[in-house]
Structures are given as structure tokens and as C-alpha cells.
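Structures are listed in the sections that come next.
Consider the two complexes below, in which chain A is the common component and chain B and chain C are the respective partners.
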Partner chain A sequence: MKTVLEVKDLSVRFKTEEGSFHAIEKVSFDVQEQKTLAIVGESGSGKSVTSLAIMQLIAENGSITGGEIFIDGEDILKMPRKQVQHSILGKKISMIFQEPMTALNPILKIGDQIMESILEHQKMDKSEARRIALQTLKQVGIPSPEQRFKQYPHELSGGMRQRVMIAMGLVTKPKIMIADEPTTALDVTIEAQILNLLEELKSTYRTSILFVTHDLNIVADIADDVIVMYCGQIVEKGPVVDIFESPKHPYTKGLLATMPSLEMDEKILPTIPGSVPNITRRPSGCYFHPRCASAMPKCAEQAPGETLVGNQRVRCFLYEDGEENNG
Partner chain B sequence: MGNEPLLKVEHLDKYFLLQKALRKKHTVYLKAVNDVSFSVREGETLGIVGESGCGKSTLGRTLMRLYEPTSGVVWFDGRNLAELKTNELRVLRENMQYIFQDPYSSMNPKMTIRDIVSEPLDNFRKGMTAKEKEDRVAELLDLVGLSREAMNRYPHEFSGGQRQRIVIARGIALNPKLLICDESVSALDVSVQAQIINLLQELKQKLSLTYLFISHDLRVVKFISDKIMVLYLGEIMEVASSATLFADPRHPYTKSLIRSISVGDPRIRNPRQILEGEIPNPMHAPKGCPFSTRCPIAVNRCSEEKPPMVQVDDHHIARCFFVEGSKVSEDTSK
Partner chain C sequence: MLVKKNSFYDYAYRRFRRNKLAIIGTALTIIFLFMALFAPILAPYGPSEFFFVEGQNVYNKYASPSIEHLLGTDSLGRDVFSRLLYGARVTMMVALLSVIISTVIGTFIGLVSGYYGKFVDAVFMRIVDIVISFPVLFLLISISTIMEPSIWIVIFAIGFVSWTKTARLVRGEVLRVKELDYISAANASGSSSLKIIFKHILPNILAPIMVQVTIGTAQAILMEASLSFLGVGVQQPTPSWGNMLMDAQKLLVLRDMPWVWIPPGMVTLLLVLAIYFVGDGLRDAFDPKQ
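What follows is the complex of A and B.
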């Protein structure tokens, strides 16, 4: 199988008034052709920073301090900036955001925005670009695309705007699309529509998806593989069925347990105590240890490395020998 | 107490005037809440679900009289709220409290936690001494799982979950009878959301509270509610006990809603049943059943005529022409 995106030991630092801090530390993963990889995490986990770093969209006070990002075999961090912008970003890889209203230009017509993203990366005349734009709008399920073409973003509903975003992301036929919480702002029935659409487009366009979300239910539905992030680190990684059937890291276990399910009869939900620490106040050792029920004395002192347990990679001392030790 | 419900709403309407015209028939209203009736008994949790624009928040706010109702009667604790004069609203405010979605914007950033939590006491318990207030604030913070030290700090020093705890502490300061929780856990992280849900459950027991729990998240609503009301474009589609609504939904909209949520199991990836289309603009709501434009079983009549509210059993109602028939189609689809 072909790898379309490979991220190796990626680290991003942010400068703040209180000093300089790592938003993500040595994050590594890869996405295979036509597969969906989900990055799950709570706020402050670094899941969005990871995707923004890949798109070279890190805010000014942040910088990539190490690592490599291979897109379609080329390390984009070693390429000249201009070349990356012209031939990689928006072409081989595109991104759709949570809030399409802020991602779309409010004073440009839908059609012009889509044509812009086509003409930016491909040499063709305007009428050809227009044809592709209309065809893509149709493919993402926008009724009467000719009419929508002339409308402004505010004239569309949230679900329709998200479809326009997806169309914009697809017009260049990217190898991989990053979707950062694309359904979080949408209603449940619209969310279901958009997820089904993404699934459908994945096979029509033969594209891979890097899906960033906090919602484990969505992960269960769409992902092939999963990365669980906590405080800027990957704490667990593996195929979706393994992660859901036998989560290894105490954080993953906790996250799965706190999901209220429709079958549940109990009146108290299992919880993870405390909350995600602020980036400026990350604890020593394993970042999760203050909230972890299985924490041992050494968890506060040393940071655990990754170990392979079955199909999963886990960052936890419980699995130091490749299996769960109960002592 | 007795058998009288704590809150009883009869034919409540809240219309917003969009365009005034000389002749009444040309005046355009947005019917945000349309002929809504329900009741909640003391100690009960009523979940209100629906998608954006269904009127769930407008309903909550109209009950609080943050919006003046257009028509209808609201009985709260034996009193008709519409008849309360502005100065009598204090009674209402004391017993009915609102917890908003966003704990960041519902606290004044320049006030300490002590001032925030004791503000209701300052307004309603004028006889309390400073010492008594301080003790009460400490007690409230303890109830919501925060330490006394929190008192001298400011909102920005707390995480989202802790802020929501503070907002809840303020909400229960006057021992209200009813709490209206409007998407109160929606903005929180998953792990923190579970903590706040548990806190709400715990407080309900300890303080014998009654909740109106407004949310778009069906899983959370099922978990926390005794009874659930499904709204669509300002109208009630179905009301049933939490268990019944999920086991035996009768309205096509409720069915679609339930089917559109994921099972949360990667091994069961049956494609979600997709409800086509979107909520129509409330200004152009269909004349008949509001759901008729998206309903998979709609017939011509549905867009012309308002369907009746059908009593499925004592505690279960659904507004649809096909309530009986839909039971049969449910069986065949499995």
C-alpha cells in the first residue's frame, strides 16, 4: 500500500508571554492511500496544531522545531516555500475547517472562490475551470449549482457552506484531505449527510482523509486507523477496531468509557478526574499521570516511550514489556 | 406538591415580528415557538431536543420571561407567570434559574468568584451578613466540587469545566426549584462533559431539583432525562419517556434523528440512515406539518393540513397522521 502522508517526529513550539512551549512533541504517523486516519483529542491535545503544521498554517508565534513531513514522497519542509505553496498545499493536500463561514471569503461569490482554487494550481482557461467547479458542486450534493455559483456564503445554510468547502478542497483532486472538525458546528442530521458525503467522495476521488475530531462516535464510523493525542503527544495509535475493542492507554480507556451510549442504564457516567492541563503547566513525567487511576510512582518522574502491543502503539509504562503488567 | 406539576405550559406561542405592515395579514412573524404544551413534575428532568432553529432555546428563554410570550399560559409552582407584574418577577427569578452553554461569556471577567457566586445572595438575601454570605459561597463551591480557595480568584484562572461548575454554583445559590440547562455541557471536552453531567445528577438528588435540559445531543439527553420532548420548527413532534422514545419512536422525525446518530462501534458500520434536506427557513415554514418537506412518508395532505397530536399511550404523544401505521413500517424495516 502506498503512503501519501508521512509525518516524522514533528514538533511545534509556541512563544507566549510566559515562555516558549511545545504544542506538539515528536508526533509521527502515516496515512495510506484511500484510508482515513482520525486524530482524536480534547482541547489542548495538539490535534489541530498537527494539521495546521502540515498545511504550514501555524500562527506567527509558533514554529516547527523539528521533524519531517512527506507528502506523496517529498519532504515539504525541505522544499522552497514557493514551490510548496504552488504545487503541494491546496493541490496535493487540502483542508476543510470547522466553521465554513470564517473559512470562506464573505465578499466573494461561491463560484469565484472555487474557480480561484482551481486556477491557482492548474493551467486552464476560465470556462474549463467553471465547468469543473460546477461539476464538483454537483458532486458534493449542492442542488441547482448554477444558481449557487452566483451566491455569497451568507446566502447558504451551514451544511451547504460545508459542502462548498469540501468542493473547494476537492477541485484539485488532492491525494489527501485534512478535515478539522468538519461537522462539529452542524446539526446531527446534517452531520450524517456530510460524513456520508466524505465517505462517498473518498472513493470517487481516490483521496485519503486525515480527520481531526473530539468525537469518538464519528471516529467509530469513519476511521480506518486512530491516533489518540493528549497534551501534544500521541498516547496511542492503532487500527480503529483494536482501539475500540481493547483500548490500552488509560486515557483512551477513560475517553471511551465517558461516552454516554444509547444502551446505558446507569445514572452516573464514568469520568476522568481533573481536566487537560494548560500548555504552560504540563506536569512532569507522563503528562497524564495526575489524572490516571493506574499511575505508578515512576510515572511522575519519567516520560514513558512508545511500545508496540499487538497492533497498537502505546505510550505508557503499563506496557513496557509489550504486554500489560499488573504490578 | 401533590399531583400538580411544577411547570405547566399551555399553548405557548412566541412569535418574533419580522415585518410590520399596515394591514395585519401582511405582517410577517417568525413563529419560533408554536402552540407548545407540556408539563414537568417536581424532581423530573425533561429533555428538549431538536436541531438548530427548532425553538428550543427560545422556549427556555420565554419560560424565564427573558422573552415575553406572544400567547399561552405558563403555570409555575401554582402561579400563572403571565400575570406576574414586572416587580413580581423576582419570585420567578428566585425559583427558576438558567445555565447557559458558554461559561466563558456568562461570567463577568472582572469579578472574583466570591462576587459572582454571591451576587444572587446580594440581590435576594439582603438580610445576610457578610460572614453568612461567605459561608454560603463556600458551601456552594463545595457542592459543585470546588475548594474554598477558588473564592478569591477570577474566571480566567479556571478551565472550562470549572467555570461551568462556578456558573452552576451561582445558579443554585437561591435554592431554585427549576434549573433550565441550555446546552450546558455542549461546549465542554468529552472527559469534562461527563463530570458535569454527573454533577447535575448529584445536585438533582441532593437539592431535589427539577431540570429542563435543552440539548442537541441525543445521547446526553437520553442519559439525563426522564422524559424527552422533540421539537421541530417551533412545534412539538413527540413527547415520551426517555426509554420509550428510543425504543418505540412514533414520529418520522424522531426516528430519523435516532437513526442519524452513530452507534459508536467500528464493527457495526451500517450506513447511517440519512435524512435528506435541511430545516426549512422558519419564515417559509410549510402550512401543514413542519416536517413534511423532509419526511420520508409524507403525502400531499401533510403539507396542507396540521396533523393532530395523537395520544399513543398515557405518557406518549406524537403529532403525525401516521402514528399508528408507522409502528408497522418500523417492524418491516428491521
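What follows is the complex of A and C.
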């Protein structure tokens, strides 16, 4: 199996009024060909920063301070900016944004925007680009694409616009597509349609998906592998089945416990006590220890490393020896 | 079948058409433009044609309005009405060319400043501060004493001192627009900075720039008028509405010969007002909250 995206020890730092802080620290993962990797975490866990860093979209006050990002075997952090723009972004990797209402240029027609994505990376005449654009619009399930082609974003519904975004992302047949909470702004029925569409297109276009979300139901639905992030670190990663069957890290366990289910008797939803600490006030040792039910004295003193437990990699002292120890 | 166009500008056009004052302003501006354009056809005499008192070798100065001279004659015995028409050409040309200059400079500096930020922004914004602090009048007076006065100096001078407003406006708009998702999306699809600036940002901030262009035109007309009135703008014998008003500096003319200064003053007022109406109309039409 081929690796299309490999992230190694990626760290991103932001400068603020109060000093400079790491938004993500030494994040490593890889995405295999035609697989879906989901990044889950609460707000402020660094999941979006990770995807933005891969797309080179970090805000001005932030910078990548270390690590490597390999896309299709090439380290894009070592490439000149021009080359990344020309041969990576939009061509080998594309991104779907959270807000379909604002992610399309309001004064360009739908068709022109899709054609632009094509012509940016491939030399072909306009009629050919137009044909491909129309075909892609059809594939993402837009009825009467000929007519939609000439319309402006505001004439389309949210779900339709997200389909257009997906068409724009897929039209260059990228190796991998990053979807940053692509359904959060949509209502539930449309959400299901879009997720099905993504699944379907993944096999038609032979592309991999990096799915950023906080919705565990979606993860269970579409992901092959999962990364759980907390405070800018990966606390657990592994195949989706293993993580849902037997979560290891106390944070993952907590997250899964908060998922409402139909069989649930309780009137009150279970929650993880406390809240994600602010980036400027991260605790010592393991970042999760103040909220952790199984915290030990040493959790406050040193940061745990990653250990392999079965198929999962866990960042927790409970598994130091490769299995759960109850000491 | 009538195709209803639905771009942002189509909507704006429909809103603009419903605004009565804006339509009156547009009509008036077009009438003035025609006056300027067809001055040689409409004007009964040349702009610098002197008239003599019949049978004598004396200029027919300050003749009151008559069939021969609809708006009388001025201090050198020239036909005021003809000079008014030819003056429209000069005044409007100065205004339009200087607005083009200030819009190009201002838009360019605003785009670069807003998009690249940091050091570039700091440098350009300090330049803006310096230009704003220029005493325009003294600048022009010194230029006109050093150099042979010409209409081009007036055009460049007005253009050079009035781009700062556009630059600040454009910079602010760029700062707003560049944070929007579709700019990130364009970045994520590998578009170059130039393409993002000119294909995604500029078209989206064209509306406020157009409003600024109209208001800038009105202000340029006023500026030309005041410069010419003070004698450092458009020079005689070329007629402009501003230098036609110069005669009004004489108390006698101001008191007893209103036909010399009321017409140029009136048309200046009307044209500036008309352009402001157009500007207001455009601003309302472009405002999505309407």
C-alpha cells in the first residue's frame, strides 16, 4: 500500500501578545492510498491547525517550526513556494472548507471557478476544461449542471455549494483531499448526502481523505483510521474499529462515553469534567492530567511518550509497558 | 426569452435604477459630458475669440447678456457662453485624468500594502502620511513658479495629492477580504499571489473603489476650480470653470457683472452635486444590506 501523505513531527508555533506557543507539537501520522483518516478533537485541540499547516495556510502570526510533510513522496516544506503552488496545492492535495457559504468567490460564476481550478494546473483549451467541469458537476450530484454552470454562488443552497466545493477539490484528481468539518454548516439530511457522496467519489477518483471533525458518529461512519488530538498532541491513533471497540487513552474513553446512543437510559449526557486548557496555560506533564480520572502523581511531572498497544499508539503512562497497568 | 442576469453588479444596477436622485445625477453628468464633447459644435464662438466694440479698436469688455452673447462677455471681451462650453472640456479632462492617476496609484498601493502587510505596509502607510501632510497649495504655487505652467502639471498635482484616500480605502478592504474563506480556498488550490490579488480580491472590492472614483472626480473638479481661481491651476487663455471665476476677484465684477461669474460657479456646483448623487446612488446600490 502506498502512502500519499506522511506528516512527521510537525510543530506549529503562534506568536501572541502573551508570548509564543505551540499550537501543535510533534504531530506524526500518515494516510494510505484510498483510505480515510479522521482527526478528532475538541475545539482548540489543533486539528484544524494541522490541516491548515499541510495546506500552507497558517495565519501570519504562526509558523511551522519543525517537521516534514511528504505528499506523494515529496517533502513540501523543502520545496520552493512557487513549486508548491504549481505542482502540489490544488493538484495533488485539495481542501474542502467548513463554510460553503463563504468559501466560493461571490462574484465569479460556479463554472468559471471550477474551470479555474483545472486551468491553474493543466494546460488545455477552455472548451475541454468546460467539458471536464460539467462532468465533475454532474458527478457531485448537481442537477442540470449546464444551467448551474452559469450561476453565481448566492443562487445555490448550502448543500449545493458544498457539492460545488467538492467538485472544485476533485476536478484535478488529487491524491488526497482534506475535508475540514465539511458538513458542520449543513443540516443533518444534507450532511448524510454529502458524506455518501464523499465515500462514493473516494473510489471513483481513487483519492484519500483527511477528515477533520469533532463528530464521532461521522468518524465511525467513514473513517478507516482515527487520530485523537488533545492540546496540540496526538494522544491516540489507530484503526477506527480498534479505537471504537477498545479505546485506550482516558481522553478517548471519555470522548466515546459522551456519544449519545439510542440504548442510553441516562437522562444526563456524560461529559468529561473540566475544559480544554487555553493554549497559553497548558498544564505540566501530561496535558490531560487535570481532567483525567486515572491520573497518577507522575502525570503532573513528566510528559508521557507514545507506546504501541495492539494496533493503537497511545500517549499515556498507563500503557508504558505496552499493556494496561493499573499501578 | 428575457434572461435575468444575476451577478452582484446586475443586482446593483437594478437597485441603482430605482434611485431617482442617482438617475437625475447621472443624466446631468451625461449632459455636461455632451456639452464638453460637442463644445466646438455647440459654442457660437471660439474660446479665445476677442470681440471689439463696434467700429472701435477697444475690447467689448463686460458686455451684458444679449442675443449675440448669450451670457455676455468677460474682462477681455470674450464670449462667456463659449468659454463655458470649452471650459467644461478642460475642467472635466483635468478631473478625469487626475482621478485615473489617483485611482491607479491608490489602488496599487492599497492592494500591495493590504495583501503583503508587515514591512511593505508600514513603509507605504508612512508614505501616505507624508503625502497627506503636503501643503498642496504651496506645492502647486512653487511648482508653477519653477516650471512652465501647464494643464498637465495641474492634472498630475491633483492626482498625486489625492491617491491617499483610495490607498487607505483599498488597503482596508483588502485586509477584510483576504481573511475570507474563498481567498484561503484560492490559496489552497495553488493560485499565485498575483492571481489572488487581481482575480479574487480586486473584483470583490471594485464597488467601494467605484464609489471613491465618483467622489474623487467631484473633489478633483472642486480642487481644479480653487487652484485655477487662485491662478496656479489652468492658465489663461485656456478656459476652465475655475479660472473663469477669477474675474470675480474684482469687487466691481462681483457686484455688478454677475453674468461673468454666476454661470461658471453654477455649472461647477451643479456638476459636483450631480456626481455626488451618482456616488451616493452607487454606494447604496452596492450595499448588500439594502
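Basically, the second predicted complex is superposed on the first by the 327 of 327 C-alpha atoms of A that agree within 3 Å, B and C clash if a C-alpha of one lies under 4 Å from a C-alpha of the other, contacts with A are read in each partner's own complex, and residues count from 1 in each chain.
We take it that a contact is a pair of C-beta atoms (placed from the backbone, for glycine too) under 8 Å apart; a residue touches a chain by one contact, two chains touch by 3 or more.
On a predicted model such as this, the values are computed, not experimentally measured, just so you know.
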{"item": "Fit or clash between chain C and chain B when superposed on chain A", "value": "fit"}
{"item": "Touched partner set for A:Val188, first chain B, second chain C, both or neither", "value": "first"}
{"item": "Touched partner set for A:Thr102, first chain B, second chain C, both or neither", "value": "second"}
{"item": "Partner contacting more residues of chain A (chain B vs chain C)", "value": "B"}
{"item": "Touched partner set for A:Ile218, first chain B, second chain C, both or neither", "value": "first"}
{"item": "Contacts of A:Thr258 with chain B and chain C, given as first, second, both or neither", "value": "first"}
{"item": "For chain A as apex, the angle formed with chain B and chain C - C-alpha centres, to the nearest 10 degrees", "value": "80"}
{"item": "Touched partner set for A:Glu42, first chain B, second chain C, both or neither", "value": "first"}
{"item": "Chain B versus chain C as contact partner of A:His121, first or second or both or neither", "value": "second"}
{"item": "Which of chain B and chain C A:Lys91 touches, first, second, both or neither", "value": "second"}
{"item": "Which of chain B and chain C A:Val240 touches, first, second, both or neither", "value": "first"}
{"item": "After superposition on chain A, the shortest CA separation from chain B to chain C (Å)", "value": "15"}
{"item": "Intersection of the chain A residues that touch chain B with those that touch chain C", "value": "none"}
{"item": "Contact footprint of chain A on chain C as seen in their complex", "value": "6-9, 117-118, 180-182, 184-192, 199-200, 203-204"}
{"item": "For the chain A and chain C complex, residues of the former touching the latter", "value": "55-57, 60, 82, 84-86, 88-91, 94-95, 97-99, 102-109, 116-117, 120-121, 151-152, 155, 165, 168"}
{"item": "Residue ranges of chain A touching chain B (in the complex, touch as defined)", "value": "42-43, 157-160, 187-193, 195-196, 214-221, 223, 240-241, 244-245, 254-255, 258-262, 264, 267-273, 275-276, 278"}
{"item": "Touch list for chain B against partner chain A, complex", "value": "51-52, 159-162, 189-195, 197-198, 201, 216, 218-220, 222-223, 246, 256-257, 260-267, 269, 271-276, 278-279"}
